[in-house]
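A single structure is presented below for examination.
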Amino acid sequence: MDDASLLWFNSKAMNKMEKALHELNEMDDLAAMDSPIHHLSPLAKLLTTIAYIIITVSFHKYDLSGLMIMVLWPILLFSMTGIPVRTCFYKLRIVLPLVMAVGLFNPFFDRAPMLMLGNVPVSGGVISMVTLMLKGVFCLMASFLLIATTSIDALCAALRKLHVPGTLVTLLLLTYRYVGVMTEELAIMTDAYHLRAPGQKGIHISAWGSFLGQLLLRSMDRAQELYNSMLLRGYHDHFHYVEMKPFRMKDALYTLGWIAVFLLVRYVDVAQWMGSHVMR
Amino acid sequence: MMIEKKMIQLDKVSFSYEPGRPILQDLSLHIHKGESVGLIGANGAGKSTILKLMLGLLTAQSGTVRVDGLDMNKENIATIRRKLGFVLQNSDNQLFMPTVEEDMMFAPLNYGMDREEAEKKVDRVLEQLNLTDLKYRHNHRISGGEKRMAAIATILMMEPEAILMDEPSAALDPCNRRIVIDTIRGMDQTRLITSHDLDMILETCERVILLDKGQIVADGRTEEILKDRELLEAHRMELPFCFAGPRYR
Amino acid sequence: MHMADALLAPAVAATMYVASGAAAGVSIHQLRKDDEQQKLPTMAVTAALVFAGQMINYTIPGTGSSGHMCGGMMLSALLGPYGGFLSMIVILAIQCLFFADGGLMALGANVWNMAFYGCFVGYYLIWRPIMRSHWFGEGRGAQRARVIAASIIGCVVTLQLGAFSVVLETSLSGITDLPFGAFVAIMQPIHLAIGLIEGLITAAVLCFVLESRPELLRDAQPAGDPSKHSLRNTIIVLAAVALVVGGGLSLMASSNPDGLEWALFGNEESGYAQNMGLDEEDFGVSSSAADKAESIQEKTSFLPDYGFSGSDSSAGTTVSGIVGAALVAVVALLISFLGGFFRKKKK
C-alpha cells in the first residue's frame, strides 16, 4: 500500500466493509506478484507452511532460544518475495489480543526464576508468555505468506490434490467469488444508512431485522439466478477444476529441505550451540 | 419461396407467477433462424418471463414452447439449452468461476470437450473479441464492461445456435456500450435482445417486438416501429434519442 | 472466539481436525443423499452474505456499545444443519486465510467450537424442537415467538459450549498457567452476554424472513409426531458433544487420587491409611462370592482403575473418558426408550 492509500485506509471515511474489501483485494494483488516463491507448486507451499506451524507450536514453553531461530524462515520469504511486512503486521491486530490475554496471566502464576539477565531474575512465567506471543506472530506470518504467494484457485487445486472433498472445495471457490460482491453491497447499504442517520454509530434496533433481511432475500434470488446460469451451461453436479501443475523436483526439494531444517531446529538446540561456540 | 426455419416458437403460451395475476396470456411469437430481434416494452411487460420460458427456467401453464423443432420437455431440455446461450443482465450472476479463463471453459468441459481443446478455444474466442488481456484476470476484480464482455465470451464458447440477451448495454459507459453493440453486430447466430436502450436496438436488430402487459402490440421492422411516436407513447415508451433528440436543452 | 495456532498443542489441534472432518464428511454425505447438491449456489451466496453480515455494527440500545452477528444459528435455520455446517467451515477458512482471524492449525478446533455447536447442537437440540413444538400456542404471533426463543436460546447455549471448548482445548494444550476454574469463570459470563446479543440480532433477522418469505426458514411449521429420524440425529449430536466434552474433561482430571476416594479410603503410601479408619480392601462383606466377582471384574475390565492396563499415559484416561461418555449416552438412550415404553403402557 502506498502512502496515499494508507492515509485513505486509516481515515474514518472507509467503513469496516470497505476495509475488508481492500484487504481481500490486497491479498489478491500480492498473490499475483512475481517471485521464485510465487512460482512454486501450491502443494509445496501448503505442506511446508503446515509443517512450520506444527513444529513452531510444538516448542516447549520455556524453549525461547530454540523458538527464536524459527523466525528466519518467514523473514527469508519476505525478502525473497518482496511482500511488505507492514501488511502482515496489520493483520496481527485480530489474533494477538487473545493470545496476549491468555499469556498475560503466566507471569502471575509461574514465578519461579528461570534465568538471570545480569542481576534481574526472569521468571518462567515471563518466558512462557514471550514464547506464546512469538508463536502467535510466527504462525501468523507463515499463513500470511502462504496466501500472499498463492491464489485461491491454486490453493483449491492443492486441496483437491490432498483429497479434500470436491463439494467443500467448490463451496470455498464459489463463496470466495461472492464474498466481494456481498461485502460491497453491504458497504453501500451501510453508507446509505448512515447518510440518513448521521447521529448513529451502528444500526438502530428498529432496523436490525430489515437491514440484513432485505439483502438476504435479494441474495436468495441471486442464488437462484446463479444456479440457473450454471444449469444453462450444462452443469449437472460435477465441477471441473483447473488441475494443479505437476509437482516438480524443485517443489519436492523445497518442501523436504525446509521440513528437515525445521526438525533440526526443533530437536537440536542450534542457538545454544552457536552461543557456546561464540562464548569460548 | 424460401421457408425460413423457426428457431424459437411460442404458441398460445400463458404464464403467471401467482394465481389470478397472469403475466402472459395466449402469447404467440416466432423467431426465425439468423434473425436479430429486439424485444422491447415497459417494466413488468413480460420480457424476462418470455426469455425464461424459452430457456426452460419456467414452465408455461398452457401453450407450447419449441426450440429448433424440439418441444420443451424433460427429455429435450438439455439439448435445447445447448443450442441457446443466455447473457444475463447481472454479469456477476453469470461469472462464478475465479478467473475468466475458467469461466469460459465451464460450459465446454461440462459438454465433454477435452481440456486442451477447450484451452485453445478460449484463446480463439478471446482473440476474436479482442479480449486476450482478460484471460487470467479474476472475475471479482474486473470492471462492469469487462464483465459483460467476459460473459459474452463464455456464451460464445458454447457455440450456441441462438443467443438471448437481457439488457446487454445496461449500466455500461458509452465506450463499453459501443463495444457491446459492435460485438452483437458481428455475430451471425440468431439473436433475441431485450432492452430499454432503443438506440442500441436500432443499431443491432432488424425486427422489433413491442410487448405491453403480456400482449404483443407490435411486431415488425425496427425502423417502422421505432419511428411510430404514437404507438410507442401509448405503451409507456418514447422515440429513440436519435429520432427525437433531447426534450430539454 | 477464533483461536490462534499458538493456543493449541499439535495433538489437540489434530484431534479437533479429526472431529470436525468427521462432521464435514457426514454433512457432505447427507447433502448428496438428500440431493441437495443444487443448493451449493444458495449455500455459497448465503455464506458470503453471513461473512459480510458479521461486520455490521448493531447498536445495543441504552448501552452505546455494539454487537455483531455470529452465523451458526442463522445458517442452520436457512440451510439446515449440514448445509449450514459446510458454509460455516468455508466462512471460517476464508477468515483464517485472508484475515488472519484464527490460525490454520487451529481451524479444526475453530470449526468445532463455532460451527459444530452452532449448526448441529443449535439445529437438532434447539431450533427444530422449539419450532416444531406448540410453544406459545398457534398462529403467526406464536411462530414469531418461537423463532425469537429458538434464536436466543440457540445462540446462548452454542456460544457457552464453544467458549467452554476453547478453555478445555487451551488448558489441555498446556499453554496457560491460568487455572482451569479461573479461565472458565472469565470466559463463560462474557460469552453469555455476547450470546444474548447475538441471539437478539439473529432473532430480528429471522423474524423478518418469517414475515416476508417463511418458506425460506426450516421447520417453520409445527409438526405432528417427531420422526424416528430426528430422535436418532438428536441422540447422535448429544453423544458427540458428550464424547468431546467428557473426553476432554476426563483428561483434565488430575492424576492425583480422586478427592472423594482419598477422603474415604485414605492414601496408604502417604501414611493416611488409619486416618478415616476405613480401608478399601477390608470394607464391605468379605465372601467367596465377592472375591469371585472381583476376579471376574479384573479379568473382564480392560480399563481397571481408570486407565489402560499397565500404562500410565493420558491416552488411557482419554479412552476411559470416551468409553464413559458413550456408556452414559447409551444409558440415556435406554432410559428414554424405557420411559416411552412405560408411557405407552399407561395409555
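A, B and C label the chains in the order they appear, each numbered from 1.
Definition applied: a contact is a pair of C-beta atoms (placed from the backbone, for glycine too) under 8 Å apart; a residue touches a chain by one contact, two chains touch by 3 or more.
A quick note: this is a predicted structure, and the numbers were derived from the prediction, not measured.
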item: Chain pair with the higher count of C-beta pairs in contact (A-C, A-B); value: A-C
item: Central chain of the complex, centres being mean CA coordinates; value: A
item: Remotest chain, chain C as reference, centres from CA atoms; value: B
item: Distance from chain C to chain B - Cα centre to Cα centre, in angstrom; value: 51
item: Length of the line joining the C-alpha centres of chain A and chain B, rounded to whole Å; value: 43
item: Mean-CA-position distance for chain C and chain A (Å); value: 27
item: Residues of chain A touching at least two other chains; value: 174, 176-178, 181, 222, 226, 230
item: Residues within chain B bordering two or more other chains; value: 96
item: Residues of chain C touching at least two other chains; value: 41
item: Chain A residues touching chain B - in the complex, by the definition given at the top; value: 25, 28, 151-153, 173-174, 176-178, 180-181, 222, 225-226, 228-236, 238, 240, 242-243
item: Contact set on chain C toward chain A in their complex; value: 2-10, 13, 24-25, 28, 31-32, 37-38, 40-49, 51-53, 55-61, 64, 66, 69, 78, 86-87, 89-91, 93-94, 96-105, 170, 174-179, 200-201, 204-205, 207-209, 212-213, 216
item: For the chain B and chain A complex, residues of the former touching the latter; value: 55, 57, 78, 81-82, 84, 86, 88, 90, 92-94, 96-99, 102, 105-107, 109-111, 115, 138-141, 154, 158
item: Residue ranges of chain A in contact with chain C within the complex; value: 16-17, 20, 23-24, 27, 49-50, 53-54, 56-58, 61, 91-92, 94-95, 98-99, 102-103, 105-106, 108-110, 125, 128, 132-133, 135-136, 139-140, 142-144, 146-147, 155, 165, 167-168, 170-172, 174-179, 181-183, 185-186, 190, 200-205, 208-217, 219-220, 222-224, 226-227, 230, 237
